[in-house]
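There's a structure below that I have some questions on.
As written, the chain order gives the labels A, B and C, with residue 1 at the start of each chain.
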Amino acid sequence: MKPIPPHIRVVFPGRASFHIAQMSPVNEFLSPPGPDGLRHCQTHYQEQQPPPRQQQLPPVFGGPHYRHAPEAFAMQESMLLVKQPAGVETLNLQDSSFSTRASVMAEDANGIYCRSCSTEQVDAAIFKCFLRVHGCCARDGQTQLTVRHQKDGIRNIVLNNPKKRNALSLSMLTSLRSDILADVDSDDLRVIIISAEGPVFSSGHDLKELTSAQGKEYHSRVFEVCSEVMSLIQDIPVPVIAKVNGVATAAGCQLVASCDIAVATEKSTFATPGVNVGLFCSTPAVAIGRAVPRKVAMEMLFTGAPISAHDALLHGLVSKVVPEERLEEETMAIARRVCESSRPVVALGKATFYRQMAQGRDAAYTTASRVMVDNLALRDGQEGIRAFLEKRKPVWTNSTEKEHE
Amino acid sequence: MKPIPPHIRVVFPGRASFHIAQMSPVNEFLSPPGPDGLRHCQTHYQEQQPPPRQQQLPPVFGGPHYRHAPEAFAMQESMLLVKQPAGVETLNLQDSSFSTRASVMAEDANGIYCRSCSTEQVDAAIFKCFLRVHGCCARDGQTQLTVRHQKDGIRNIVLNNPKKRNALSLSMLTSLRSDILADVDSDDLRVIIISAEGPVFSSGHDLKELTSAQGKEYHSRVFEVCSEVMSLIQDIPVPVIAKVNGVATAAGCQLVASCDIAVATEKSTFATPGVNVGLFCSTPAVAIGRAVPRKVAMEMLFTGAPISAHDALLHGLVSKVVPEERLEEETMAIARRVCESSRPVVALGKATFYRQMAQGRDAAYTTASRVMVDNLALRDGQEGIRAFLEKRKPVWTNSTEKEHE
Amino acid sequence: MKPIPPHIRVVFPGRASFHIAQMSPVNEFLSPPGPDGLRHCQTHYQEQQPPPRQQQLPPVFGGPHYRHAPEAFAMQESMLLVKQPAGVETLNLQDSSFSTRASVMAEDANGIYCRSCSTEQVDAAIFKCFLRVHGCCARDGQTQLTVRHQKDGIRNIVLNNPKKRNALSLSMLTSLRSDILADVDSDDLRVIIISAEGPVFSSGHDLKELTSAQGKEYHSRVFEVCSEVMSLIQDIPVPVIAKVNGVATAAGCQLVASCDIAVATEKSTFATPGVNVGLFCSTPAVAIGRAVPRKVAMEMLFTGAPISAHDALLHGLVSKVVPEERLEEETMAIARRVCESSRPVVALGKATFYRQMAQGRDAAYTTASRVMVDNLALRDGQEGIRAFLEKRKPVWTNSTEKEHE
């Protein structure tokens, strides 16, 4: 392990995001800019109880959606996103004991991300990032675990490790998290589609990472990050659609269950076979048990036997089953429909759905009724109603501006 | 706005119910009869925190069913029901600053209700009510928003504004609430069927009521009353059946989801298209999210696309799908089956179902086990068992009398 | 009622279990062995509030699975299981005022149980038990209410009172409980199948036990024990499969809903007809309401009408519907599949599933993530992964030994 030089200064000439994804269970935070205009990134190790992060988080972090979902903070404990709309961003890494499992990712204004790398490569990564921001191509010879591209508000994230059956290794999870979170509060993003390269959507965790040799702390980290990614899908302000064409097992099945919507081809199958390798699918069961009836979940979990796409539809694990040749079209139809609505209205609706569903009926109505009134106060809320009454198409601002108080 | 004269005295010569449905967020209560035999209705305005009502409620209010469901009180905050089994009922309206949005409804012993009206018409309304109780016909030239008729224990409530697609305007909701609550604790009422006139079951809220011009307080009131009506359906002691023949959207779909049972024709469709007009169906989602799997709810909410009656059945939004020509017969078969059972047994069962479903398994069993023992102590509980053992039809008392302590 | 002699000493020459199932609401506990090597069984009557049992329970009671499910203790309040792996077991019954409704059951090392009996017969029962352990056949002329046999890890429990439509009388429930709990923590037991003799799976409670003549306390006891058995099915460490070929009504339907998995034949039907005999199926609704959509549960409960096996499958009440001739095969296929996996892995997974499902999403992920890490620390957890990576069949220890801390 090579120590990080105490002061790496990187100058980003454009709008850029800088992620620090810390694999080991540490706390880290960025200071507000000092008199020299620098932010300081402090990383603390070995602390078992993370201090309350809300107070220490720089104001630059997170969008309004996280504000009323305090668990979202905890979820993103190990990822800090520094946005500098324009001009110079200087990052100070003061800690010299960076773990080898730490990774640094950076992405430019277009949401194109730089490969994650171990800290030994941090200089190179930052350099590559620098190049990217300048429009240069930074290749590092490795296949990207996930591929992201975005157009007209629709972000496609493709699990891109078909040789390893798109196993949700820690790197894959981190890469997926990074692709989900990148500029997630930007108005340009309206919906996310998660699909996969190859015949296996995802086979779940990488069992090689779960041996005694890796150690308990590493195992903990894997399930923490996995739970974080699964929860993140439900907590971000845009809908997430799983586009499934093949086998989805264990945490791969959990990923499908966690998405807001799932479109699957007829040949797709779903299973939780962990019990067969001595690792009961207990974390996948959190998502699957909340998606399908108990008896269905139980049979899947106890036998490990796959269910067909048809049965998955019947029991609510997926939203739609289509012939393979129509998968793209049907998924895009849903995605485009989301794009036709107002961003803050969808964001408010999604957050409220999950919030009220965790409450009793009466509390749920109190929550949802208040949100309806807030929704109506939005400029887009009133524009929608006006357009309806005037029999014309609405023109959304997609902003959170209010029409009335 | 015409001030209400401080003392309107109305004499009802028969058994009568008198509703005061107050649209504005006020508190009001009826005093116990004074030395002059009068009850005083006091109305307070502008209070933000309603005082605890339980203590102030006159003993005449509510049946035993509301006693162990404290939320039912809050729900009916703005409606007080004064029953006078026989003789003279005198009502004193002491407040002179009645809002124009207030309405007064009265109904006679046969459950025939008097039209709601603005307070400017209060004298006339009370007069009409008076006439009704005397068997006269009080017509006011307006179409009734809901029509109610009751026979052999089965109450039919028909949404009766087909020109406006049976929009759940505040008046419609109030009228519906009134029809649901009227004599709801009477032994004569065994089951309620909610249906609609015209090709649209209900299109949800009236968007004209949700503009900035109406103002935030009015919006709040709309969703409060709507949530109240939806909850009421589940909290009253008799089953409520939705009889759907057509389109049910937004709060109209919520109404179907809120009913205990729903019978729909094959052509019926269900949607939550609020997102298309910039108003995400967050309150409908409270009922729909508790009726269908999450993935189904999410796709409906994010896309606004309708689902067929078949899919609604598949996912639990309706109980039965029938050809149009069999809708009446199938709905009545269920209603009549309810009428064949003992009223207090059904009431106990319904209340317990919703109560235990909100609890964890062990607490639910404690609740339900106690109720079973209470149920067995009822005269009708023992009669049912005796009849079964003696191989004869049971003869219900339909009373809450006990066979043993 | 004949008083129990203060000191009955019974010597079991083999490994044996001794159950004391106490029907009346009493507290009882066994002392740790005294200097004379005897355990004392103390029975307290008339106490309304049971004292905290955890502290008083002898270490011999219960397996590790009960340790982290405190409700399981309360559940088994009236049953104490004394295991003596080998040698002499002497039981001291010091209380002379045994209730007539108490029963004593004993079973030998092969899990063959001795008939339950009233306390008047206690001497005889213990004597028979003694005979059984010595390999003699103890017949008492009565048909056994449940029949249990176990082979290759698969325990079959057959409801065996077809003449009474396998009514879940208190004796039947007690017998079923005894069959479920017998040696439930033994590694020899991997899965339980509950089936029934005759065309009726079970018709629910025995209505003759629910008359006023029996009294409120007895009714309470019936529903307590019933709730206990239903909960027990979900709380024990092995999966329980209902194998249904016929009618399952009321508590019989509840039994199917409570099992982890249910395989039913096409001709099977399911109903909650209590409302027809004046006893609303409120306790069955606890299990059924958690298995099927609300609208389905409500229609079943309010009308009492049966649903087909097909509809039961559609709505999640059963896991699989098969032709009658394939019932045995399909059920055994699932059971054998369970036997192929590691016992502690299945036990951990089952307990975690129910635990996390009662929590909110974030707490559920915290629970399940910890369990995954614990699962990986098991010798069998690591063996499974090794076998997978080495492409061979795993060889389970089926013990809770750890590979790493």
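As a convention for this text, contacts are C-beta pairs under 8 Å (C-beta built on N, C-alpha and C of every residue); 3 or more make two chains touch, one makes a residue touch a chain.
Bear in mind that the values here come from a model prediction, so they are computed numbers and not experimental data.
Rotation angle relating chain A to chain B: 120°, from a CA superposition, given to the nearest 5.
For the self-contact between chain A and chain C, the two sides draw on mostly distinct residue numbers; the shared fraction is below half.
Rounded to a whole number, the gap between the C-alpha centres of chain A and chain C is 43 angstrom.
Annotation for chain C: residues touching 2 or more other chains are 290, 292, 314-315. Chain contact summary for the complex, chain C toward chain B: residues 71, 207-208, 210-212, 215-216, 219-220, 223-224, 226-227, 230-231, 234, 275-283, 285-286, 289-290, 292-299, 301-305, 314-315, 354, 358. Looking at the complex, you find that chain A touches chain B at residues 239, 260-262, 290-292, 314-320, 334, 337-338, 340-342, 345-346, 348-350, 352-353, 356-357, 360-362, 364-366, 368-369, 371-373, 375-378, 380-389, 394, 396, 403-405.
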